[in-house]
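Each of the two complexes below includes chain A, the first together with chain B, the second together with chain C.
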Partner chain A sequence: MSSLLLSKLSTKDDLDILKGELESLEGAIYQSKDKYNEIIRSDIRSWVSEIVHKESAGKDVTKYIKELKNEIETVPVLSACIGFEPSSSFIESVSGWLKKNVDDKLVVDIVLNTMLLGGVQLSYAGKYLDLSLRKKISKELENVNFSKS
Partner chain B sequence: MDTFENFLNKTGEIGYVKRISSSIVFCDGLPGVKLLEVVVFENGEIGQVFSTGDNVVEIILLSRGYIRVGTKVARTGHTLKIMIGDNLFGNVVSPPDIVTFEEEETGSARSIESDPPGIDVRKNISKPFETGVTIVDLMLPLGMGQRELIIGDRKTNKTQFILQSILTQAQKGGTVCVYAAIAKKRTDVIEFNKFLKENKIEDKVITIASYPDDPSGIVYLTPYIAMTIAEYYRDKGYDVFVPLDDLTAHAKYYREISLLAGRFPGRNSYPGDIFYLHSRLLERAGNFQISSGKGKLAEVSITCMPVAEMVMGDFSGYIQTNLMAMTDGHLYFDRDYFNQGKRPPINPFLSVTRVGRQAQTPLLRELSRKLTSFMVSYEKMKEFMHFGAELSEESQKMLMMGDKITSIFDQASVTSRPYALSVFLYTAVWSGYWLEKDINGLRLELKKLTTLYLKNSDFRKQVNDLITNSASLSYLIESMKSSQANILQLLSQLK
Partner chain C sequence: MGNELTYVLIALLSAFGLLLIVFVLLYLKSLKVQSGLREENDSLKHQKEDLEKGTYAPANDQARQIIEAANKKAAEIIANVQGISEQEKQILNNSFQQMLAANLKDYRSVAGKFSQTYDSFIGGVGKDVKARLDMGLNKIIADAQLETKKTSSVVNSSLQSLYRGYETEVSEFKKRILSQIDSLGVDFIKHVSLKVLGKTLSKKEQEDMIIQSLEEAKKLGFFK
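So, the complex of A and B:
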């Protein structure tokens, strides 16, 4: 099963928040039905509760949440280390492009590191790529011969 | 050494630590990592790949630092190597101090894991290995290139025997000693180092030490590092002596690593490859023919003495029997002999040497055979005595002789007795010197004879020449008998 929730996630923070929401839902199931309804109404995001309601209709809720949690563990994460604080629209456009061209479940983990000066360091599925400005400058400086004129 | 960032850029792969279990780190990523490859953590610590699985890489930590979950890991693309040089002599070296992962295997950087040499470069053992311990040199002779297991209960002077052997080999000259202290207490290693300095042999000995509080990975590597250093000096044309003290502790640390890594436990919870752990190490020792340049072949050896601890004299322990299967004999340090005050407490009847005898001269072989046969008869006679039966004069003489020969075997801890001196003392007693003396009187005379041999170079030369020129034991005994008056006179002049 592929939940609609996963295609709506864009960053790792979203993924972690969703994990926390599912944990509290799962915990509430074993307390009482009222508790579960209370949490789904007030403690989790509205778009999440809407999708959970829709997808769990007519199904065993416990089983549904367990399957969803297992599926979340398989979500691939692309880590991007950049030198500036990105806006939400920037993140959305990057995430959208990645979902369209790489994997529709993929989420982005943005890490801020001003030492890079510019560019990005990417790591995904064990692969690492350094496309930062710092690396380019270091490489150029290696070729420069500092001589007294 | 390259930094973490450089390795990331070079290999283009990254991993993240997911779980830590004492000295085993589980991480994901690193899709192209190979077994035994060295990896570097973000904080500078290093580890070695122990196993790979479905999106999980198991790494043994090789440094003492702390790793956190989420730490980045980079491949280096190299296996573990160590830097070897003459600067190691006289120092106590810990494994993390000398590990490296240089790109090329230069003359002084060698891989820790290597295949044991094939039979085409091996030669029969033909040179004797002198330990400086009379009972071993006369009754249980060893050869250069032999693997002899030192086995016994805890605190039965096994390490003292190793020290005596190191002292003898270092003083003879030409032999490099590499001592591996595996999970030994720091005080023991300090005492060992002090012993080397007191006897002025530290320039011939390299000590590789790991301690009980070190990460398991460091303890695991210790004997392999010692063997790698031995191979380096073997290839330079030296004979090398490698005591590994002790392999039962090594097995316990490897068991810890395997269980933490989730390996299925076998007998006594040891992993299934526990035999391979030690056999691939001990097979690297032996007697070899190497090319010494100018088209000539030189005979060099790595003599290995692994130490194994037993519990309550139990020969049938798992690790103990494994080690007995992969060595060329064992020297058994008997707890009962130790309690009776015998030093060294080696039981010659339960000890074995499989290849030492072929390295002996005909004289020594005959002596060893006669002595062993006599001692077996002596032991049987002693048991017969317990029945309280009256003994004939001949039996009483045999018992007296046996007691006297046993007193020759008594040797102070950590002293070395040259081969020739041991032979000389034995033949003196066997020829009938000091027949009228009791054991205490005999001990005094033996002490004087030892002093005469060690201090008087002319006398020493005469004795050495006599032994070298004697083709048989009977000729030697006759010569001793004819020189008895002269020798006793020399002894009486000693104060």
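So, the complex of A and C:
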């Protein structure tokens, strides 16, 4: 199973929100069908509920939600530390680039750190790469002359 | 009376002639002794030169080797120091050269003292040249060998302590420089970044830089 929901996720926040929504749905299923319908109408984002309805049609909803939750746990996360507050369109650009060039399920976890000055520090699958301007300038500083104290 | 006077005169002349012959013989003998002394003196000078060359050559070689090794070691240490300019490195190199030169000067001073002692000995050579020469030369050779050993040992140990001191000094200097860089902090980096970039980055430039960084990460194989 590969849900369309996962391809719609851009950030780790999106992923966490979806996890919460699925938890609510799963809890409602065990209560009653009415409760489930109430939750999916009122507490779940419309685009999510549409996909859930579409993908669970004719299936065991409990099994569908469980499989979806398991699949979510496998979604890769890229941590990107940047030096400015990103706009929504920029996050979409970054996410689009990552899905196209790395993994179509990959989500990005953006962390703000103004000390970077520019560029980005990446952390992914146990690896770390510092491509920040701060790092590059610090490297250049090694060639700067200092007078002896 | 006339004949008696003639005999006396002849006798006096004969005696004077004998004395003259004795003086001539003594004079010739004296010339021979002087010539012998000159030859011995020349021989001594040659022996002195040979002695100096022979006994000091190994010590000189050793000192030279030590100094070359010291230079090499110093150059390695200085070349590996990060965070200092070429000019700073040149200053360190020059300082080390001066310290070595001072050490070498001490060594030569010891050699100079030996030479003075030897000259003094030669100046005191008298008639019994040969006996004293044999005795003196043996003593000088023994002294020279001892001095050479002492000098080499002094040069060696002082250079070794020089390495240690110098290495510590370079290490401390390096720590100081790194600590200075650390203490510069973000403000300095920002200042330099602005100087380097010539302006504050716009948001668009920031965004472009991140996309470029992602491209760079991909080229580096970070996402594999």
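Here is the rule we use: the second predicted complex is superposed on the first by the 147 of 149 C-alpha atoms of A that agree within 3 Å, B and C clash if a C-alpha of one lies under 4 Å from a C-alpha of the other, contacts with A are read in each partner's own complex, and residues count from 1 in each chain.
Going forward, contacts are C-beta pairs under 8 Å (C-beta built on N, C-alpha and C of every residue); 3 or more make two chains touch, one makes a residue touch a chain.
Small disclaimer: the values here were computed from a predicted structure and weren't measured.
Aligning the shared chain A places chain B and chain C next to each other free of steric conflict. Of the two partner chains placed around the shared chain by superposition, chain C is the only one that A:I137 touches, whereas chain B remains out of contact.
Judged by the touch definition given at the top, the superposed model places A:Y30 against neither chain B nor chain C.
In the superposition on chain A, contact is made by A:G119 with chain C only, not with chain B. Within the superposed three-chain model, A:K127 lies in touch with chain B and with chain C [touch as defined at top]. For the combined model, the angle formed at the CA centre of chain A by lines to the CA centres of chain B and chain C equals 50 degrees after rounding to the nearest 10. Of the two partners chain B and chain C, more chain A residues are in touch with C.
No C-alpha atom of chain B lies closer than 9 Å to any C-alpha atom of chain C in the overlay. Residues 127, 129 of chain A touch chain B in one complex and chain C in the other.
On the side of chain C, the complex with chain A involves touching residues 82-85, 87-88, 173, 176-177, 180-181, 184, 186, 189-190, 192-193, 196, 201, 203, 205-207, 209-211, 213-214, 216-218, 220, 222-223. Chain A meets chain C in the complex at residues 80, 82-84, 86-87, 90, 93-94, 97-98, 101-103, 115, 117-120, 122, 124, 127, 129, 131, 133-134, 137-138, 140-146, 148-149. Within the complex formed with chain A, the chain B residues making contact are 5, 8-9, 11-15, 28-32, 74. Residues 123, 125-130, 135 of chain A are the ones touching chain B in the complex.
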